[in-house]
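Same chain, two partners: chain A is paired with chain B first, then with chain C.
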Partner chain A sequence: MTTRDDTRRLVPPGFLSNAGRYPAVAIIALLLVAFSTVSPFFLKLGNVEAMLGANSVVLIAAVGMTLVFLTGGIDLSIATVISASAVIAGLVMAATDSIVLGVLTALAVGAGFGCLNGVLIGVLGLTPFITTMATQLIARGVAFVLSQGVAVKGTPYALLDLGFVTVLGVPAITWIALLVVALFVWLLSFTTWGRHVMLVGSNRAAARYSGIRVSRVEFGVYALSGLLGGLAGFVSIANLGNAIPGVGDTLLLIIIGAVVLGGTDMNGGEGSIGRTVLGVALLAILFNGLNLIGIPFYDQLIVQGVLIFVGTWLAMTFGRRRT
Partner chain B sequence: MTAVFSVRGLTKQFAGKRVVDGLDFDVRAGEIVALVGENGAGKSTTKNMLCGLLEPSAGQVLVDGVAVQRIQPQAHGVAAVHQELSLFPSLSVTENLCIQALPGHAARIDWAAAERTACEQLEFLGIEIDPFAIVESLGAGQQQIVEIAKALLSADRLLILDEPTTSLTAPEREKLFEIMQRLKARGVAMIFISHFMDEIYRVSDSFVCLRDGHQVGTGSLAGVARGELEHLMVGRSIDETHRELAAPTDDEAIRLDSLDSDDFAQVSLRVARGEILGIAGLMGAGRTELAEAIFGLRPCRGTVSVGGEPVVPLNVATMMSRGVCYLPEDRRTHGLFLNRPVRENLSAAGILRFVRRWLPGFGFRGERVEALRIVERLAISVPHVESRVADLSGGNQQKVLLGRWLATEPRACLLDEPTKGVDIGAKFDIHTRIVELARAGTAVIVVSSDLPELLGIAHRIAVMRKGRIVGEFARADFDSVNIISLATGAAP
Partner chain C sequence: MRKTPFTTALVAAALTLATAATPVLAQDGIKIGLSVDQLFESRVGVNNAIKAEAAERGYELVEVVADGDAQAQNAQIQSLITQEVDAILVCAVDQNTIERALIAAGRADIPVVAYDRDLPDSRVVAAFVGPDSLADGREAGQYMAEALSGRDGPIVVLELLGALNDQNGIDRSKGFNEAMAALPDLEIIQAPTDWDSARALSATQNAFQANPDIAGVFAATDTQIPAIETVLTDLGKLKPAGEEGHVVVTGINGSPDGYRATVSGTADGIVVMDLDTTGRTAVSLATSLLDGEEVERVNVIPGAFYTTDTIEASKDDIWGAR
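This part shows the complex of A and B:
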């Protein structure tokens, strides 16, 4: 109950616990200050542009992963679905030179894998971890078999341009990612579907007892996660110039790391797309900054790991009430 | 007799708030003290201080007259049986009993000795449970007994029992009381926490009554009438005995025609609008299964009709669209979204009501206002409608769940143990709400193991045994002895 003491406090009650829900903010602020002091290039326009472009793929996929996390599941296949849809879309575009067909193919391939996950998990009730791990293997296999292990050439020139075009100083592919973010922020906050996603993640059984069609909601999030993986695959072609069969291989842990660092709970029912944007930004700034000051890739992995510890610890310590 | 445990000025603060404030009472050897009070009165905090889980902020506990800073359960011979069982479901009874101090040494456990200890303990308590049985294969009642046996292995001076009877059947309850008497004779002091006044009067010698963290009364139970004690607990008068029920209508609201499944058989019932039908029976009689089947949560054969029309197909969505609601027995696992705010919990069963007609997909209009209205109407005590439900007390959580369904303005309600684990004040409020609901023309089916509850609020009671309806009583013929003997299968 709100007592007089609470209303008089300078810092509103629960302030700390709310701050703890966004562990990324504090870390981002710290990194921004640190990197901009150490490296003169860090805040340069060119660098920021490069950072945004390179992370659009991760951001799109991380939105999909967030949806799955919110229902209490996990989608391990999303990264290699990026590869598979990039490769297949790349092949289609090499054969037809049609960007439209390329987009549609990428989305269809992604949605196909997503629906497979959705049916197995939502309808048949298999465990998300195992199911999506299997899909991950399949998608990776598909990507390498169809591309014979090499980058697919013959990307339409118009698409290559897309990777360089900026609108209002922001790369076009980043705009695509931001549109995806906006779309899902809206879906989660303002639609019945979004509410159902949160409730299913909070308590699956209670959702069923309240008349929410749990399997439909679960199917939906995996299908959408796949679809976003497909879109990310297409965007990766624009970003890198070619469809690369191994493009997603290193992304999975970055995607999961970003969602976790953002503060979305793996157990479901707690989190948001906004937090994931923060998480992606955090890792993007981190890797970019470390590159600028000349830290090698493998050392960066160590830093990333430690950071995930710190972020999770912060969220756990300040984000939840102790009983 | 001198006190084994004395509590002097015991106080606990959380974040500056005194949850327990200045308790003073004694527990003597062989005495059973009932710790009573509403949910949130401070019983759990007191219990946790007495069994060493929490350290008091002020005041002290004296063990044999010696003040101790914090109770050491093993050293001071204290153990608590908490509401949530702490057994390992996949291990055997023996393993569970001896897990705290396995005989032998780290590398090789002396299982023979462990078995001996377990058998002796079970024998001493007069329990016939196979020491090799896997705990999850036992019934809820037997598990509770194993829990008590386990607690007593590590403590023999003070045993704290927190709501030990909520999941027990009547015979199991008797068994528990028998065990308590044995322990009493052996000089074990006990603190008994329960919401059931009958049980409190049956087993306890004295009482300590808490309200809002303060001790509002203590003494021998013999001198205190039940109404007085209830008044002391709640701070207002509660009269469950003189409840006025409105006469039901003749309109049929819900009808079951020979429902069949693995858990029940040939169930046919009819409930009119404005009627409250109680379903009595023992645990395992198939009552919850029946209620869930009616709501479309489990497969069954037969027909369920609402308002005279059969519901096809029988599933949760169709039942809800016909205006039927179901309040599950286990609110934490089947009812509440614990990490979501009160507002979302209240609207969970009918978010579509708030979708903007001209702008679907742009938020939920009036959701918050309605949440505030329900909170006010059901007198739910919450810090805020945006507070997480996990932070509420049990009674208020139950009211949130009830509020969720009442907000859908149901035509028929299935309520499964609507006051389980709820204190008498909240229980009274919930009963009042149910009776009002019926008065407004809703058909209500109440499944309850609390017979006095059904006797108080039902127009009619159907008795279930082993999956069949074995009898029906109209309000004029209510007789607890007959109902119990019918439910247990004993000759009247």
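This part shows the complex of A and C:
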């Protein structure tokens, strides 16, 4: 009992509950100090710019995943929807040399897969896990069949150059991701739709009784998640230079990891886009720093896994006490 | 009690980092970045040669491995650029997948040498060094054509292909087929394996079931020869060279599997890649580029053919025998 009082004096009020709400902050602070001490290159402008550019795809997709998580669902297809959108947009651009057509194609492909998930889960009531797993397979198959397994050549040079454009020191593709973040922060916090999403996730029955059309909300989040996957697919072309059929294959765990580490609850109703931004930042800093100090790839996987344990546990331990 | 778990977590994380992190040595000398697609026997062989040559020249070497992930390789090349390496040696995960990162290297005036897998469409890669896959395939084909020349047709041969999207695999097949065309009345059955031994095994089983008269098997990588050996043993077709019904087996690479099979006589002969020269040439190309010298864009290192009779005597030249 005395310890409890001591703790109150030692840490500022609200610290523990904030550690639960933002478990990523403490880890980020720790990583920043550690990496900048160990590597002289970590805080260099060029490195920060590279880090921002490299993580724009993940950030855009993680916003989509957050929306789905908030309703208590999951979108396992988002990573390979990125691949399929990139490949199809890449083929369109290779044939027409039109960036505008490329963007529209990527968005249409993403939205198409999203609406498929939305109808199956929201309207027909299938389980999100199995449904999106099936969509994941289909999207991956589409990406590899259409590209024959190799990167699509013929990206317009203007798009390659876009990957290097910076505005106020921030890469153009990161600005795209930040606009997406701003848009969805606003939608979730200040619109009726945003309140409906949170209510469906925290108490589905109550949502239904208060007249919210749950199926429509669910359809909406999966459709948007697909749409954002499509956008991320297009951005991946600007980031990597070509449309790569396997681009999304390794992203799913990073996207889910970022959302969970950020502190959004997989069971729905608890979380925010802001937390996801922190989660993405955490993993971005981690990968970049581990590369810089020369930790081998497979060792990085172990560190990544351990961190997800720590983050989830922090969120659980301190998040639970708050309520 | 309340703060204990949180503090423990912080301390644990700090300890993990402290033990994992080794400071980058700041040196005035030349620093070479080595970006590797993924690790397997022959890749490690080339990398070891690169490391040995770099060490002899007093260069610092920073190695990153992408485990077959294009995105990871892009980020890793970017981190090499950030670390201000003087030159980058790269074996790309796939053609066209890392062009943006390479352009970034080009913008930072860092010369890029591709090894083992060429990037013919790259705007940045200044030089390539790798196997002469066309010549290697031709050499294996010539040997097999000679070994089978006395037989009555039609002669059926099984070719285990590499991956269909890998230029080295495509060129080995092309060279092999060119040389085999010397035989009249020939039928070549092609089976793609994606460099995978399990697929090679089932492809060989299927091929022998459909064509029990197969007279020869060519494996694009000799790591698949044990799979061929398994099938031949099962069918009772594993007979020494010179005996009636002997199936001629050749392959390309020089791996421990290929070496053992050739010594034992299961394989008649293999083309052994010169990984040492490939690795050392990669470093010397980078050095020339740093010195502002002109270099050849494409540099190929042909392999050497060894038969059961000659292979043991040349043990020291075969990477898989060391």
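As a convention for this text, the second predicted complex is superposed on the first by the 306 of 323 C-alpha atoms of A that agree within 3 Å, B and C clash if a C-alpha of one lies under 4 Å from a C-alpha of the other, contacts with A are read in each partner's own complex, and residues count from 1 in each chain.
Convention: contacts are C-beta pairs under 8 Å (C-beta built on N, C-alpha and C of every residue); 3 or more make two chains touch, one makes a residue touch a chain.
Predicted, not measured: the structure shown is a model, and the values here were computed from it.
*Asks:* Since both structures carry chain A, what do chain B and chain C do when superposed there: clash or fit?
*Replies:* They fit: once the shared chain is superposed, the two partners occupy separate space.
*Asks:* Give one of first, second, both or neither to describe whether A:G246 is in contact with chain B, with chain C, with both, or with none.
*Replies:* In the superposition, A:G246 contacts chain C only.
*Asks:* More residues of chain A in touch with chain C or with chain B?
*Replies:* Greater contact footprint in residues on chain A: C.
*Asks:* Quick one: classify A:V167 as touching chain B (first), chain C (second), both or neither.
*Replies:* Touch partners of A:V167: none, neither chain B nor chain C.
*Asks:* Which partner chains sit in contact with A:G46 here, chain B, chain C, both or neither? Use first/second/both/neither.
*Replies:* Only chain C is touched by A:G46; chain B is not.
*Asks:* Should A:N203 be classified as contacting the first partner (chain B), the second (chain C), both, or neither?
*Replies:* The first partner, chain B, only.
*Asks:* Looking at A:A54, would you say it contacts chain B, chain C, both, or neither? Reply first, second, both or neither.
*Replies:* So A:A54 only meets chain C here.
*Asks:* In the overlaid three-chain picture, which partner chain does A:F297 touch, first (chain B) or second (chain C), both, or neither?
*Replies:* A:F297 sits against chain C, while chain B stays out of touch.
*Asks:* A:R195 contacts which: chain B (first), chain C (second), both, neither?
*Replies:* Only chain B is touched by A:R195; chain C is not.
*Asks:* Please work out whether A:E270 is in contact with chain B alone, chain C alone, both, or neither, and reply first, second, both or neither.
*Replies:* After superposition on chain A, A:E270 lies in contact with chain B alone.
*Asks:* Scan A:V100 for contacts with chain B and chain C and give back first, second, both or neither.
*Replies:* In the superposition, A:V100 contacts neither chain B nor chain C.
*Asks:* Considering only C-alpha atoms, give the closest distance between chain B and chain C in the superposition, rounded to the nearest Å.
*Replies:* Superposed on chain A, the two chains' closest C-alpha atoms are separated by 12 Å.
*Asks:* Jot down the residues of chain A that show up as touching in both complexes, chain B in one and chain C in the other.
*Replies:* Chain A residues touching both partners: 3, 321.
*Asks:* Quick one: in the complex, what on chain A touches chain B?
*Replies:* Touch residues, chain A against chain B: 1-3, 5, 186, 189-192, 195-196, 198-199, 202-203, 205-213, 265, 269-270, 321.
*Asks:* Report the residues of chain C in contact with chain A in the complex, numbered from low to high.
*Replies:* Within the complex, chain C contacts chain A at residues 1-3, 5-6, 9-10, 12-14, 16-18, 20-24, 26, 62-67, 69-72, 74-76, 78-79, 81-84, 94-101, 103-104, 107, 121, 164-165.
*Asks:* Mind listing the chain A positions that touch chain C in their complex?
*Replies:* 3-4, 7, 10-11, 16, 19, 26-27, 30-31, 34, 38-41, 44, 46-47, 50, 54, 148-153, 160, 163-164, 239-242, 244, 246-247, 249-251, 287-288, 290-299, 303, 306-307, 310, 313-314, 317-318, 321
*Asks:* Using the touch definition up top, name the residues of chain B that touch chain A in the complex.
*Replies:* Residue positions touching the partner: 16-17, 297, 316-317, 320, 326, 328, 333-340, 344, 348-349, 351-352, 355, 361-364, 381, 383-384, 391, 404.
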